[in-house]
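Working notes for the structure below.
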Amino acid sequence: MPSFDAIVIGGGTNGLACATRLAQAGQRVLVIEGRDKLGGSTAETDPWPGYRSPCLSHLLTHLDPRVETQMKLADHGLSFVDRNIPSTALALDGNHLVLTGAAGDTISGLISDADRTAWQGLRKRLMGFAGALAPFRAMTPPRLAKESGNQYLKLAQLGLGLRRLGRDEFREFLRLALINIADVLEDDLADDRLRGLVAFDTVLGAWMGPRSPNSLFLYLNRLSGEISGKRGATALPRSGMGSVATAMIQSAKTAGVELKSGAMVERIIVENDRATGVALASGEEISATTVISAINPKTTFLDLVGPRHIDTGFANRTRNIRSRGGAAKLHLALKGTPDFRGANLRSRLVIAPSIRSVEDAFNAVKYGEVPTRPVMEIILPSAFEAGHAPDGHHVLSAIVQFAPHEPKDGKESARNAMLENTLSVLEDHAPGIRALIEHSDFLMPYDIEDRYGMAGGNWHHGELAVEQMLFLRPFPAVAQYSTPIAGLWLAGAGNHPGGGVSGAPGWNAAERILSRGRS
Amino acid sequence: MNYDAIIIGAGHNGLVTACYLARAGLKVVVVEKNDWVGGAAVSRSLHPGFTYSNCSYVSSLFRPEIMRDLELPKYGLQVLPYEGGAVMTRDGGYLAIFRDHEANRREFSRHSPRDAEAYDPYSRDVFRHCRFIRPLLMRTPPDPARFRPRDLAELAWLGKKTFDLSESQIYEMIRFWTMSISDFLDEYFENPVVKAYLAVSAIIGTALGPMSPGSAYVLLHHYMGDVDGNVGAWGYARGGMGSITAALSASLTDSGGEIRVGKGVEKVLVQNGQAVGVALDDGEEIRAKRVISNMDVKRTFLKHVDEAELPASFVKQVRNFKIRGSSGKLNIALDAAPKFTALPEGSPMYKGDLHFTDSIERMERAYDDWKAGHFSRDPFQDVMIPTMIDPTMAPPGKHFMSCFVQYAPPKIEGQDWTDADRDAFGQTCINQIDDYAPGFKDLVLHAEIRTPRELEAEVGLTEGNIFQGELTFDQLLFNRPVPGYAQYRSPIKDLWICGSSTHPGGGVMGAPGRNAAAEILRDIRVPTDMSDAYAVL
Amino acid sequence: MTDPRLHFKTPLRQTPFHSRVAEANVLNKWAAWGGYTTALELSDGEMEYSAIRNSASLYDLCPMVKYRISGADAGAYLNRLTIRNAAILAVGSVHYTAWCDDEGKLLDDGTLFRWADTEYMLCCQERHLPWLLDTAAGFDVAVAEITEEIAALSLQGPCSASVLNAAGFDVKALKPFRMARFAFDGGELTVSRTGFTGDLGYELWIAPDHAVSLWDKLMEAGAPWGIRPIGTHALDTARIEAGFIVANADFIPAHQALREDRVRSPFEMALDWMIDWDKGHFNGRRALVAERNGSTSKWALVGLDIDSNVSTEGSIIYHDKKREVGHITAATWSPATKRNIAIAQLLRPYHDQKSDNLWVEVYALRELQYAKLMLRAKVTPRPFFNPARRRATPPGNY
């Protein structure tokens, strides 16, 4: 008699979502987390004295509505400072552009009327596409085969949804689906700040530049997310991202999930081609009817399952999952208020002055080099609410792109160079900021891999790119959350629809596990 | 005099369309702005005793069905397979390519025994994709946004063809069509030189780098041709690429068609929303029942049709059509065969394509320069010496060398190319060759340097793009040239397009011209002896 | 040492036995095999075949691709790679085996030699280095291609044991699929009782430096028995009689198949008897379990006995003279059994339940004209020829 109905490996957002859903359906579920804290990228890091520590992820754009409501996250303490914080495209001359509302509904700042109108048109069109695609997020990816148990009705509805955009919009969708964002921005807009901002948002967390074909699709993916029913949101949770983890943990506990942190799973036990439990680094073995991995698929198959239980072609596929992380994370404790040339600190500050600036920053990492002028997204949680830093002090959290995951010149020197270049860009935009730094923490993609176990430091557990999306994510044989090994399932960001603190892969996986049980 | 059809531009596609129409009994005239025919498939004598293929320089894609239908061999066309080729490396070594399977394996194995054996499964996988795409080349793309019976039938055909593949093969295909060649090659190979050699076909002519998603498709575009059934092989047209268009011209004339050179078209004449002829730049007007443009879609509609005659949305679509040039060309007359230090004396490598870019990284960096609006400081060159095989293009002992160069942008940092830019570009390329073949410079009798500017000015290719429009998915199949107009028609009745701006795109393939003729003849219900695509067994 | 870059000047290599084979090849009939020059027929094909069945034949096997697999996990690795249980193969033994891709389709078949506890040699027709290396990830094992490090000869025929004994290599006690080592010419000779003829026979493995002296030694010692060098044609007749299959003749290795429907599973090639279902996971196992449980095999490999003495090579097989149900992959007139035999692929169930009405359509070329024949074919067990002398230990004194 196995000890549990299900063991979930990995106590991040997806692991918790999956576990809670299963427990809500009456299963006995154990979540095992290797780190001391649950919550994955939303777990708070070690604080500096007097400061509240930021998390690896610092904003919410994609909280799955099923996760939000059915896990009753609000009841468990999740609330928002703002569900749509403005975005400020920082300009060196202080002539910033501010986008407010969902996905930049309104623009303030000096910008031509032509661009204002064009942006409205483009935004509307892309939001339309994103809206039509959004339902895909909440379903198991279809298989391209006859009689493959697809949710045909739902697929038909989705197809109809796209067609209902109208003939011209449908055609535009087919044209734009695999285009690069830079071409579209250059066709429609003239303002470098606006182009730079959208280009940056498109490739945020990706390993591609705005000129890479297929990049527009990532922007659609960004827009397809929602918070509390609002599409295109950029939400800042009250008390920081850590409160997402806290609420999810509470919800899981309430549902009866057992949580075990600080316990490293060393091996998934496979007997007679069936996963029967896990072995911990401590030597302890725990059995379960179902083993669910919410950690990245590479580690799952190559390390925890091991090559002896999988086919060579399958192992190759697993190795070929592209998982290059391109984002570094900067945390600063500041002993004063930085001045980004007058920008409103209660906004998302983006330094990406042009498409070219984003593309140039990407160029470097293709060769394992550090860009001279990285681009970045900055949040000062302390500017939004008290409790993050001592009075008059601030906490700054920035995602800095692009950072090499395998630097040519060694990790140490790349980290130093990247930090220096980052601070130098920051200093240009907020003169004097370097003098305010009290503490700093800087994570390169390989540091993120070491600390959070994300392969390559890619926060999606595998690059989000068209050829690794939907039924190709992480690769076809395991895209429907099931694996060739009976009783072993995937539920992490490495699967559809990818990472970004949504809980969707975890929830989708749980739904599929439950429907399998019912059928 | 009234014609059934006027074809603007005597490029290979225009001539193919004209030939098929003439053979079906239509009275056709081709008007060409230059004093010679051929468009980008020409043989030019620009230095005494030498013949240059000064634009396109090798042949593989030209459809055998067209060669046979139009009896081109009878009119002098010969395609000669070439052998060998090599990438020279910076350390003085090289990786050669051989037609013999075992020689090729041993050569790869000098660089990586694993890669030597990975080459077969790699080729197998690429050819699987070729097999899928080849039958698509000579069909009119369906319009997926309409529900006309023909579109639905064609979509159903495509669907059936797709689902005839196994499930896993469908995924492989989608992956292949959307990924970068660099990522694709990484799944098979470990050696940088091997990867650099194999990535070449994915960047030729495109404004993409080897790390750009979608570049794997471009590779396919260069692999789906054949020389005498040898799929993926390339060859020389004997006497230069102009032999193809010369044969087409002769075939056309024999079928009663007319060609008028030195006649630039000023405007397409439109009356009541219907094309009725063309006005030449010498003031002459020629009337016809229909006008077919072999010019690229931008040149056709933005320069030679009154904007007022076109829907605004169409004009916007055409303006946004991506047609950035990415390549340049050097055509060089040599006093003697060059000697590359790395290559063994008398080796067959000289008879194929020679490269100096020995890593994907160098190729991608060359592309970074293009993105930044410069020609590449360390360019990729596809160097060929056709006279190693074809004795007709230079005096005995002397050689014609064709250097295809990436990348060269349509503009230098937003400014038009100057003669000084062009010369600097040429010098960069010649210096690179001289690095690998010391003394090369002294052999140069004459060099023609062509940047996108020259290509546009002479051949008429907008922005110097050799494919008449980039080969990315937003501009392929039913999106080519623009959504809603992928069936060789335009918003103006009786104005047609037949150039490489249309499906299936660029290269000296003839398929766009053939497909356009098929649509026209179908429209007017005139029978034709046109062959369908040969079956893929 | 010649410049390794100049390999292209001799696209076909010569095997270590080439000088001797060339001397014997009075017909000058050569063909390429795996990058080597090999003889198709030396002096008289029928006499060469006769040597296989009557006395002793010598065949140059060097082009067979050989991989050395060594390391603590060699057995476990081979168990993951191949369908048979390599871990229980005794040291000094050989077994026939096959391996599949993830979909359970054949990549190749071959012979596996266990040299030592942690060292094996895999001998096969096609090249598989990337697959073998990829399979090695996670195993303490080294994989190296050693084709050029080992010269191989096949000594086959009823008198082959006598020839070896006369040459000073006592193989009387050597059982089928076992190996023995002998000192020779300052080096070491390995003799395995294996072969591709279905007759008594041995394969000899030696460093290339000693190849020629081994050849000379055997030719000299074998003279009283009429030993004869043979070419591929004679061997091919013998292997069909023995019912053996050859990659790229009887099946397309899955990694080479351009057309998806050309691949075959072990069930479809009648190799399923080798599958060890209980040894743990191996490549393709899940697909093969599904094929077994779902009875989804589409094809069957069969032996055919065809009316008449006309060769049926490459012919199409019909059911009731109408429906196409398969094709012949190898065929010969069998001198040993006096039957017109063939190895064929048949769609199921035409290999058993519906095998009573099979016909082969043959286009027989006779003086520049084809005669079209419809010949009745009967499914027949393989091997077609299976003499007791093949297995007897000690071998009979022929």
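Order of writing sets the chain letters: A, B and C. Residues in each chain are counted from 1.
What we mean here is this: contacts are C-beta pairs under 8 Å (C-beta built on N, C-alpha and C of every residue); 3 or more make two chains touch, one makes a residue touch a chain.
Just so it is clear, the model here is predicted, and its values are computed rather than measured.
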A-C compared against A-B, more contacting pairs: A-B
Middle chain, criterion being Cα centroid separation: B
Inter-chain centre distance, subunit B versus subunit C - centres from mean C-alpha coordinates, in Å: 47
Inter-centroid spacing, subunit C versus subunit A (mean Cα positions, whole Å): 54
Subunit A-subunit B separation of Cα centroids, rounded to whole Å: 41
Multi-partner residues of subunit B (at least 2 other chains): 168
Junction residues of subunit C, two or more chains touched: none
Multi-partner residues of subunit A (each touching 2 or more other chains): 316
Residues of subunit B that touch subunit A when the two form their complex: 144-146, 163, 167-168, 170-171, 174-175, 178-179, 183, 186-187, 208, 211-214, 313, 319-320, 322, 361, 364-365, 368, 371-372, 472-474, 478-479, 482-484
Complex interface listing, subunit A residues touching subunit C: 273, 302, 306-316, 319, 484
List of subunit B residues in touch with subunit C within their complex: 94, 96, 98, 100, 102-103, 105-107, 110, 113-114, 116-118, 120-121, 124, 127-128, 131, 165-166, 168-169, 188, 344, 347-348
For the subunit A and subunit B complex, residues of the former touching the latter: 143-146, 148, 167-168, 170-172, 174-180, 183, 187, 208, 211-214, 316, 320, 322, 356, 359-360, 363, 366-367, 465-467, 471-472, 476-477
Subunit C residues within the subunit A interface of the complex: 76, 80-81, 101-102, 131, 134-135, 137-139, 280-281, 283-286
